[in-house]
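Look for chain A in each of the two complexes below; its partner is chain B in the first and chain C in the second.
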Partner chain A sequence: MTMMKKLLTSAIASTLMASGAQAAISNDTVKIGYLADMSGTYRDLAGPNGQSALEMAIADFGGSVKGKKIEIVSADDRNSPDTSSSTVRRWVENENVDMVAGMVASSVSIAVSKILEENDKLGIISGSAASSITNEHCTPNHIHYVYDTYPLANGTASAVVKEGGKSWYLLTADYAFGHSLESDVRRVVEANGGEVVGAIRHPFPTQDFSSFVLQAQASGADVVGLANAGADTTNAITTASEFGVTQSGQTLAALLLFLTDVHALGAQTAQGIQLTTGWYWDMNEETREWSDRFMDKTGVRPTMVHAGIYSSTIQYLKAVEATGSDDAQTVRKQMMDTPINDMFAKNGKIRIDGRMVHDMYLAEVKTPAESKNEWDLYKILRTIPAEESYRPLSESKCKLVKN
Partner chain B sequence: MDQSAKIADIHKSIVKEQAAQERKRLMLNAALLLLLLAAPFAIYPVFLMKILCFALFAVAFNLLFGFTGLLSFGHAAFLAAGGYTTGYLLSNYSGLSTELGIIAGTLAATFLGLGFALLSIRRQGIYFAMVTLALAQLVFFFFVQSEFTGGEDGMHGIPRGHLLGVIDLENNLSMYYFVLAVFIGCYLLVQRIVSSPYGQVLKAIKQNEPRAVSLGYNVDRYKVLAFVISAALAGLAGSMKSVVFQLASLNDAHWHMSGEVILMTLVGGMGTLLGPVIGATFVVNIEYHLSQGPLRDWVDPILGGVFVITVLAFRSGIVGEIQKFVRKNIG
Partner chain C sequence: MSMIFGVPLAVLSGQLLIGIINGAFYALLSLGLAVIFGLLKIINFAHGAMYMLGAMVTVLMFNALGVSYWVALFMAPLLVGAFGVVIEYFLLRRIAGQDHIYSLLLTFGVALIIQGVLINWFGVSGLRYAMPDMFKGGINLGFMFMPYYRAWVIVAALLVCFGTWFVIEKTKLGAYLRAGTEDSQLMQGFGINVPLLISLTYGFGVALAAFAGVLAAPIYSVTPVMGSTTLIVVFAVVVIGGMGSIGGAIITGILMGVIEGLTKTFYPPASSAVIFLVMVLVLMFRPSGLFGKEA
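Moving on, here comes the complex of A and B:
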């Protein structure tokens, strides 16, 4: 019912716009709230540098849109859905925030998107991995921009199998996220003619991976797949490196790994790992040019999340300019209608469920000999076309998709 | 003759003083109540409700820690058990009125508390704390694994529903007054428990357990009951929290939460009635306001620093220090 209402309002709004009605930017300000983990485990992959990316986007756009000023407010989400939801509630109810950007922990993103739906504001999620955000938890009020677990599992697993990694052994974090990654990988591996010879579940979180890694090594599988995230993945990789897993001929496939994680591990430890990423700073002239500017400002190379925050903010501001409105539905519709072509994505497209689909890349971590500097970490093996990457709408459980 | 008149005089003055103190306390309480009633018009109600939920959690914890001397390191389990149970019931049985969901959540935490208590009170001191921590970790892993909690994603979109089937709790103001009423009820209950003969026995156990045993009290029974009441109130706090925020997440079950409630109680003043309330207000405010400002990268170190300073320099906490000051200089 509310959805119908929203569709109707957006339809009316766009007709009004077409007939040249007055631009409607509420409070004469476009206010963007940046919410991310500023102090905890996810600080590096989005964090304060994500805000720098957001500020770069606004500066590059010219600092104002249709003559109205653009403001930023920001807060630490503390990886806590309660803290985030009270912050965002106050932003949208009392402080006229029009769009919320950033967001990493999936529990935070889902909690925030529900509040945005209630208040009909827009959210652009750049940091979260969970594919459920645009599946069972989809709303007409958010966009999931950078990546999700579906292409990560899909891209890495199918590519590795095609390259001859037929038998797999999985190290799975023992909770919902790990289980869903494991089942995704299993499906992809088997569909491509591979086989999962064994899997072991480790508690979440785990510090000591030695017994798990030894079992993976003993299995004799071609590929050891890491169906976990964050500190679990980096701990597992460190242990695998100590036990010489890659040196003994097995391939390590990480399903969720960020540039900052690889940077922290170093090329020596992480070499040879295959992973899927939505973007890499050293892909072409455009990405390098932007990354250099980013590095001048922050001192580090950007992750795909930083690039996504920049790109999505530019797209958002363009849509506000084109429609002359900061109404969530009007802007979202405009963003859906406009293909994304910038340094982040080529022919990226935002679907009805809020998923931004774009090409993904299969990368391998360079060896210390290949790596020319501390950030020269990936070589891109293959571009995975958008339509192969993301969950097709026909499999969607999103309420906005009619199946 | 003379002597008995003197004694009567002294007695009279004591009674007078007590009455004056009682009056002072009543006035203080009335002022606080007025403040709480007016607060949502000045401060954002959801934020106030968050403070009230944590204050209730800390009050529950303090009943066990401050008054009985049992340091539980597993209270997050009760908060989460209450929150998840209420959340699950309200999300899946749409006809259920909100207060029944909250009662069910509280009961779940109560029974969990009974299980914890029967196992843990067999040990004392650090061993007691470790047993409660271990049990709480078991509960945490149960919630991580269970399908119904949504794992890492958490449980979302819990409907606030209607109180008694009539009062719409979607309205922040009516929700606030409901939470406030429950909080005041629980606060008065704890006040009553602490000043009752039962509460006196708890204090005796805290001060000298062997002596309480030698006086013929069945100490274990008193401890179990105190633990269960504390768990029930913590569960109630969790249930209300899940209704207020319309979500329940793993953060509530994590051992950080058990640590946070210790921090709130110590900073506010353990063993005082108002202490945990002030402590919760203080900690929630620090977290909230610092996370918006330029010091947002430093919230955890600052809270850690506050904890260290409190333990080293102000062992009786904010309220305890104020009481000491008043007693020394005024009273």
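Moving on, here comes the complex of A and C:
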């Protein structure tokens, strides 16, 4: 009898909870899972400092939303889609996580977004680059916030082609992100009258680039384009300078460089490299003020990913507050309806495919003479307007977009 | 221009040379492993961490004290080697004579701790280390641009490899070492301090890894994770060469560098897998390795 009672009450309770989810905050808690590379090659651009940015956002928001507490859980994604999938499955199925933040390697984000879709939870991706995340891999359950390979190619590749770099040789990281960046670069180079004469897909990660650099030199291309990230890019740049790539008349174009990469290379080695970024700490009073607070907490200047994690978390919490719900679709709709105006973006908009579109920036690494301190590294050459930066919806292959 | 399988001969010669240079690194690293395994029967999973420590110590000594590259070339292996002796004395000694798996797990744990602590301190983006002035630039060989530093890497690595092989295989000290690990009680009966000999051997093997680390510092980004990826490849090299075979480790190291370099030319996506493919083949047809003695 008692057994029967227990079963009945729990059945009733769970039905109530399920129906109540639409209009209320489930479990009386907004639980955010922070998933990022905490120990591997992408640690510094997001990693533990990204979690600090997330904590800053929650603290700035007041620590609670609609009187309900906000909790964080975090995990190391090990840059592995498998590990990440099982972590996120556990989070959303057993631990009541409402939103997953962070996410760096594109392969991780693509795998995780499928699980979020199955379970109807929300993901806000700040670290990943592949533009396919909101194209063929789009779901109604995630938002891609900071940047993607489409504007990286648009910004850097078109600038380099316009300066006369017509023939390109690409060194591409052999996984989802690299492939996505490579195809975006090809499109931009060809659209501007240039040509990709060769490409190498190198394993991720690669320590020794000498063999690939040698092949790039032998190709005789005007530009050696690096469609990779993190330590792969810094290793490739170091090796290219050792083998005299620029002295022999070739231009080096790094398609994705984070502030932490440039900081590791130093102004001496990296000077003059052009890059596209979604945000830079030293752009205006607002960015500097926030970056100073971030630096007090972490000891380093924030990357665009750190800033994006902060900004997107605030936007998320505002949407939860406005709707009084942590239901994924309700919150996502509210976020789409609210333009983003903060230290990260001006007039940023989240589209139906989950892409947050905002202005991007073409920057150049300062020379040692121009750089006043170790973090004073970029000068912004040009603002690339949002509508010019990102893939237009008319070209989208996303299932949510009716073309 | 003459072509081989669609690749110009000039490009191919360049790739061969690059392969030899990378092979020299593998040789140096797998040599240390082979010495430690061959003489002490310890599977040293901390070898990658010691390589990384060699590079980190070089950078940190330069940043803090302005220690030059040449001094670091001696100091870093000495310091890291001493650290190895400490590990041997306080940890490895306690599990001597146990199954291999114990030393493997212990050294793996030590490696994870070292790596984790350094990641917390320095992050993973890498530390800067400038190329020593005298190695700046390079020479045009006709088929490729050869940076002076890479030429130096071959010379230094081969000298050290040959020296090590010579000491262990051809000198009296080497004979003591080999005998001491074969029958330590008998050797102790002859009045030879075997425990000390073992500590020093482990320290020496580790110092070899650190030496490779110093060589790597100017050309690779120096990060706490640089050892972990290299380690697995180097283990495969040792398995291919035959666990414990010192000459085998050197020759296999260079051979694998060349095979990897050629793969990078003909089919780059497979370049990280090719060494393991060779390992599988060797294990299938010659389980004790190319240069190993049949068990």
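Side notes on the structure shown:
To be clear about the criterion, the second predicted complex is superposed on the first by the 314 of 403 C-alpha atoms of A that agree within 3 Å, B and C clash if a C-alpha of one lies under 4 Å from a C-alpha of the other, contacts with A are read in each partner's own complex, and residues count from 1 in each chain.
Everything that follows uses one rule, which is that a contact is a pair of C-beta atoms (placed from the backbone, for glycine too) under 8 Å apart; a residue touches a chain by one contact, two chains touch by 3 or more.
In this text, all values refer to a predicted model and were calculated from it rather than measured experimentally.
Of the two partner chains placed by superposition, only chain B is touched by A:89; chain C is not. Contacts of A:297 after superposition: neither chain B nor chain C is touched. Residue contacts after overlaying the shared chain place A:130 against chain B, while chain C stays out of touching range. Contact with chain B, but none with chain C, is seen for A:80 once the two complexes are overlaid on the shared chain. Of the two partner chains, chain C is the only one touched by A:265; chain B is not.
Legend: residue contacts after superposition of the two complexes on their common chain; A:174 is shown touching both chain B and chain C.
Shared-chain residue A:379: touches no atom of chain B or chain C.
In the superposition on chain A, A:39 makes contact with both chain B and chain C. Using the contact criterion defined above for the overlaid structures, shared-chain residue A:162 touches neither chain B nor chain C, since it reaches no partner. Common to the chain B and chain C contact sets on chain A are residues 39, 43, 174, 203.
On chain A, the positions that touch chain C within their shared complex are 39-44, 174, 200-203, 205-208, 210-212, 214-215, 217-218, 230-231, 234-235, 238-239, 242-244, 248, 260-261, 263-266, 268-269, 300.
Partner chain A is touched in their complex by these residues of chain B: 44, 46-47, 50, 141, 144-145, 147, 150-154, 156-157, 241, 245-247, 249-251, 287-288, 290-292, 296-300. Residues of chain C touching chain A in their complex: 8, 10-11, 14-15, 18-19, 21-22, 116, 119, 123-128, 130-131, 137-138, 144-145, 147, 149-150, 219-221, 223, 225-226, 229-230, 261, 264-265, 268-269, 271-273.
Note for the complex: chain A touches chain B at residues 38-39, 43, 48, 73-83, 85-87, 89-90, 93-94, 105-107, 110-111, 114, 130, 132, 137, 174-177, 203-204.
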